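Shared chain: chain A. Partners: chain B in the first complex, chain C in the second.
On to the complex of A and B.
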């Protein structure tokens, strides 16, 4: 049994690289995912992931499959969309979801336009879907850097972020820096998505961010607990995904996200914090007590 | 009822313009760059040629623009490869209202049946690898089974990349040239001369390539490439090509596919890896890093290169591919 789990990673370097990349992504993915969830912004992650497209496309056309160019392009596009929508929402007193939706759709359309204008030799879908099986050194360095930046950001501003999530109105009254912690968080989100995009592709990168956090919510009501469980779930998903891709010929990134989906569904049913079966159980007990 | 009149006027103007164009030069549309180049060689300055999928572009993921549809609507002849290579062509023809002559260039060519080819390949391989252990044979079985599954899924049962065979290209030339002669009877003699000249060039190239290929023994002609487009080159010159992705550039490889390929490279001691101009090379590079096999330059498969690159015409492409393959293999001898 152990041999079945370990042997692919011992024999093949690309499996080691894939697992390592997933581990790095799990660290900041679970961090960011939990706060996204608490801020009720889980779908924003998806929107921003789409917004990265034109930047990455421009980077790709200037420098080919170059990690740095595509990262910088994606970062600029993602940050621009995230910040423009934040500022527009705050200045014009509209909700952030509508401004984000508008900006990201413009950005996505622009991306599609650029891609079709240039034609392009490599199917851009390949690029957009990432390649977890072919992580080169550049991509791994980027993932390292991303994790370091993310951990540093959270170390410095953890309290602010928690306060911003739990009671943002109170936090606004308390500190004039409340806005900055939000922007810092947005920046880390964008960076995380851009880094994840190289490894797993735009859409799957959102999967490893959002799904572990959503799963963790069914098992703990404390932030620390959620962070830990989300990390564990992300790592398990990556491991099982890679192994099933190895043994059952499944495309890797979708296998990883589907395993996360399985964990999520199980947690919806069995979770100790508001899982379906548990709440039915509780209702039955309550009824019995009342009788 | 003013509107229909106006429409009629439009259509009349449209027809006139296409008629004047036809009177001027034969308007020909070729589906992708390889056919475009061959048609240009055969039609010379008597045709006005448009190529839909240009150089360095992937025909699998082509999306027609309104301009393409317009061009096709006015064309007299369209040249396509057939064998489901241009999956989009039927819809494009219908939507453009194309009424001209349609040439399927690969018609009558010697086509590789993918199911049969797998069997042949396997048998040959078994003969070669008779002494190797059983485990290894099992892997091979698995792989060809997987390949079969993939190819059936994507392209029907026939390998569409028939232009990589010089023998087949003579059939292409005959088909295209015959169509030009039918569509433009006035210049029949001109096309006949052009055809003979081009066939002579093909003959010369074939001789040169045969000599070049003979410098590497058959057993050594094993190569890894990023997309399975060279079945015909393999058949003609006894190369054995292995690829992580099946026939289609859109296929996503699984960890199992990559692992199998790496094992194969290691056990069979394959030394040369090649990249194509129309595919994602990250995976091939990873395999190179892991096995120590060398990356041996670009091959051209589904598209010609830009003018300043080494495969700007069909003849140059064939020459470049064989030269690149053989030069790299010679280093490993």
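On to the complex of A and C.
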């Protein structure tokens, strides 16, 4: 059994690279995902993941499948969409989710248009679903840099984010820098998604960010606990996803996200913090006590 | 400490204040009264700088971190995964900031504040387990550890029982005796009379400084200690 788990990673370098890339993404994904969830922005993460496509596509248009060009392009597009949706919402007194939805849909359509103008369906599939089993050095360096930046950002701004997420009105009265933490968080989110799309593609990158955090919510009622559980879930999902992909010839990014989906569904049922079975059990005990 | 000079204030094209002067002295306990929609919360927002006045000027002798504001609607995310102790800890932000470690004396201060508001036994409970009244007590505890010189409270007693109201108002009275300036919006004339030293009553786009011995009807404000120029 242990051999089945270990041997693909011992024998093949591409599997080692894939696992290492996934571990790096799991660190960032769990940190960012938990705060996305607490800020009630899970769907915004999904929208921004789609919004980076035209930037990456323009990078691809000029430089082919070049990591740096696609990263810079994706970063600019993601930040631009996040910034524009925020400004439009504030200036026109509408909700940010509607402006973000509008901008990301336009952005996604533009991205697909640019890719189809230059490349074929294989290139489009690479951008949409990533290439975790073919991580080159450049992509791994990008993932290293992303992890370092993300950890540094969270070390410096963890308390800012907690304060801002839990009671932004109160925090505004305490610190003149209260608003900046949100923008730093958005930047880290965009950067993480851009780095993630090289490995897992734009469609799946957000999965490793949101699903572990959503799963962790069912097991802990403390933020520290949620962060730890989200990281464990992300690592387990990556490991099982890569193994399933290796043994059953499944698309890797989909397999990873589907395993994360399995953990999520199990947690919905069995979770100690609001899981369905726990709630039913509590109701039954309450009824018995009343009788 | 806070001075409104010839201030007019509009909200959604409705005039709330019309050329009013107002002075809130340091160390006073002011009860802000008036009908629903008369502009009590808006005045607090003007003081906080969240709402711009239509005309006139405001002089504020306090900076960020010198005040604590308790809004009418609880803004604390009650689903946030944190304990009561951690939520109160937020009030100590000016002492520990973004990076410094908390010291034992900080935890003692939190415990003391929770004890003062009567929820020390809930220190390790999650905030999503608290009732509305307990949550309000938590917010008072957070305000206490902050040790601000100006407290702005917007109808903070709406969701709590009489016993808790008395406890929290007694705490405010004690803070007032320690020299803290308090501006609180209240509807209960009995509580205004019992706790506040001065009453600011808003009606007909005017603010009047009244004696708290009077009930807050328009009639009372025809007998002000000091009529504000409106």
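Keep in mind that, in the parts below, the second predicted complex is superposed on the first by the 279 of 291 C-alpha atoms of A that agree within 3 Å, B and C clash if a C-alpha of one lies under 4 Å from a C-alpha of the other, contacts with A are read in each partner's own complex, and residues count from 1 in each chain.
Quick note on the criterion: a residue touches a chain if its C-beta (ideal position, glycine included) is under 8 Å from a C-beta of that chain, and two chains touch if they have at least 3 such contacts.
Since we're looking at a predicted model, the values are computed, not measured.
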item	value
First (chain B), second (chain C), both or neither touched by A:165	second
Contacts of A:14 with chain B and chain C, given as first, second, both or neither	first
Chain B versus chain C as contact partner of A:38, first or second or both or neither	second
Chain B versus chain C as contact partner of A:175, first or second or both or neither	second
Contacts of A:246 with chain B and chain C, given as first, second, both or neither	first
Contacts of A:221 with chain B and chain C, given as first, second, both or neither	second
Touched partner set for A:281, first chain B, second chain C, both or neither	neither
First (chain B), second (chain C), both or neither touched by A:156	second
Touch count on chain A, higher of chain B and chain C	B
Set intersection of chain A contacts, chain C complex versus chain B complex	none
Touch list for chain B against partner chain A, complex	54, 56-58, 60-61, 63, 65, 146, 249-250, 252-259, 262, 277-283, 285-287, 289-290, 303
Complex contact set, residues of chain C against chain A	48, 64-65, 67-69, 71, 75-77, 80-83, 87, 90, 93-94, 97-99, 126, 128, 142, 146
Interface residues, chain A side, partner chain C - complex	38, 156-157, 159-160, 162-163, 165-171, 173-176, 217, 220-223, 225-226
Chain B-touching residues of chain A, taken from the complex the two chains share	8, 11-15, 17-18, 65, 116, 119-123, 125-127, 129, 131, 133-136, 242, 245-252, 254
